[in-house]
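Per-chain numbering from 1; labels A, B, C, D, E and F assigned in written order.
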Amino acid sequence: MPILEMHLLEGRTVEQKRAAVAAVTRALVESLGVKPEQVRILITEHQQENFSVGGITAGHRNSLQESQ
Amino acid sequence: MPILEMHLLEGRTVEQKRAAVAAVTRALVESLGVKPEQVRILITEHQQENFSVGGITAGHRNSLQESQ
Amino acid sequence: MPILEMHLLEGRTVEQKRAAVAAVTRALVESLGVKPEQVRILITEHQQENFSVGGITAGHRNSLQESQ
Amino acid sequence: MPILEMHLLEGRTVEQKRAAVAAVTRALVESLGVKPEQVRILITEHQQENFSVGGITAGHRNSLQESQ
Amino acid sequence: MPILEMHLLEGRTVEQKRAAVAAVTRALVESLGVKPEQVRILITEHQQENFSVGGITAGHRNSLQESQ
Amino acid sequence: MPILEMHLLEGRTVEQKRAAVAAVTRALVESLGVKPEQVRILITEHQQENFSVGGITAGHRNSLQESQ
């Protein structure tokens, strides 16, 4: 521990994901005093139709905005 | 909040997923008195070989039934 | 399936939680065509200090507002 | 219940996953006294760039080792 | 990896939980060929009102059966 | 998004948890270019008997070491 599940919308590059896990791990080492190798991060990437806010998926919201 | 993770078997259409997140969000607005924009839903879709009941995956169960 | 994990802030009554799982289950039965007994919901309740938006926990935000 | 989410690195065969859910289900039946059909397992498979230990993804670690 | 989240209804003893994680870990070592120390298990225990099947919480179902 | 679930062993102070969510949020803002208010973090705290490595819970491991 800590073990983190990080949910992201699809579309990040490998470089962005590597930067994110490195930065989050450092943040936990500094704030909680754990060792880096104790921090495990699992990323799950969600398609635009697999995430909603207010009952509308990100994909649906995009298509509504484009049709305006 | 509320934040929901919804695990589904693969194979739903975009229309079904949009209908599901809209209906679940309304259900939470009415039962808990939250605002729609507070409700976030993350869908994770699982392949037939990535879900089991009773120690047998859905894919395995299907292939056993077809071979009968 | 569907299997849902529902994250809520602490403080809901038993009646609210019973109403929420009943309403969400109906919403999924109607939108996805599943049977009610296929729908499982796991509720996890989070204390005010265990949920953050914008890097500030709900408990911290409350104490900042009270001190204004 | 029990309901399990099992996070694996990508690359397991169907046979390995079927063997794993069967073995884990038996383990829970024997240790907790539940019925097999009460045990549900959801597998999520993560790409090498979607899992990190010590702030370095599995994919990054592999590429560092190959370049040595 | 593997990393498992195991959701249980409240009420298991420490001995049962120790037996369960030992048995599940062995099951994964044998079926997937991983080393024991690679297997991490996170248990989350849910109160009777925080788990529902068919839109009815376990606690509600118990109280309905007792009143019959 | 991003939405994070952060699993911790019990025993962190409120100050540590506030520092952790602030630091992790900043880390994601800088590495992924998101706005702070897009980052939501859910903390789940696990008792010593609800986390295992190598099939032995943290609580069990502690009691074994004390008895040596």
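Note that a residue touches a chain if its C-beta (ideal position, glycine included) is under 8 Å from a C-beta of that chain, and two chains touch if they have at least 3 such contacts.
Computed from a predicted structure; not experimentally measured.
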For chain B and chain F, chains touching each: A, C
Higher-contact pair (C-beta pairs counted), A-E versus A-F: A-F
Equivalent interface positions on chain D and chain E, same or different at half: same
Mean-CA-position distance for chain C and chain A (Å): 20
Chain A, residues touching no fewer than two other chains: 3, 7, 22-24, 26, 40, 42, 44, 46, 51
Interchain contacts, given as pairs of chains that touch: A-B, A-D, A-E, A-F, B-C, B-D, B-F, C-D, C-E, C-F, D-E, E-F
Chain A - residues contacting chain D, complex: 14, 17-18, 21-26, 36-37, 39-45
Chain A - residues contacting chain F, complex: 1-9, 12, 16, 19-20, 22-24, 26-28, 30-32, 46, 51
Contact set on chain B toward chain F in their complex: 3, 40, 42
Residue ranges of chain B in contact with chain D within the complex: 7, 44, 46, 49-57, 59-60
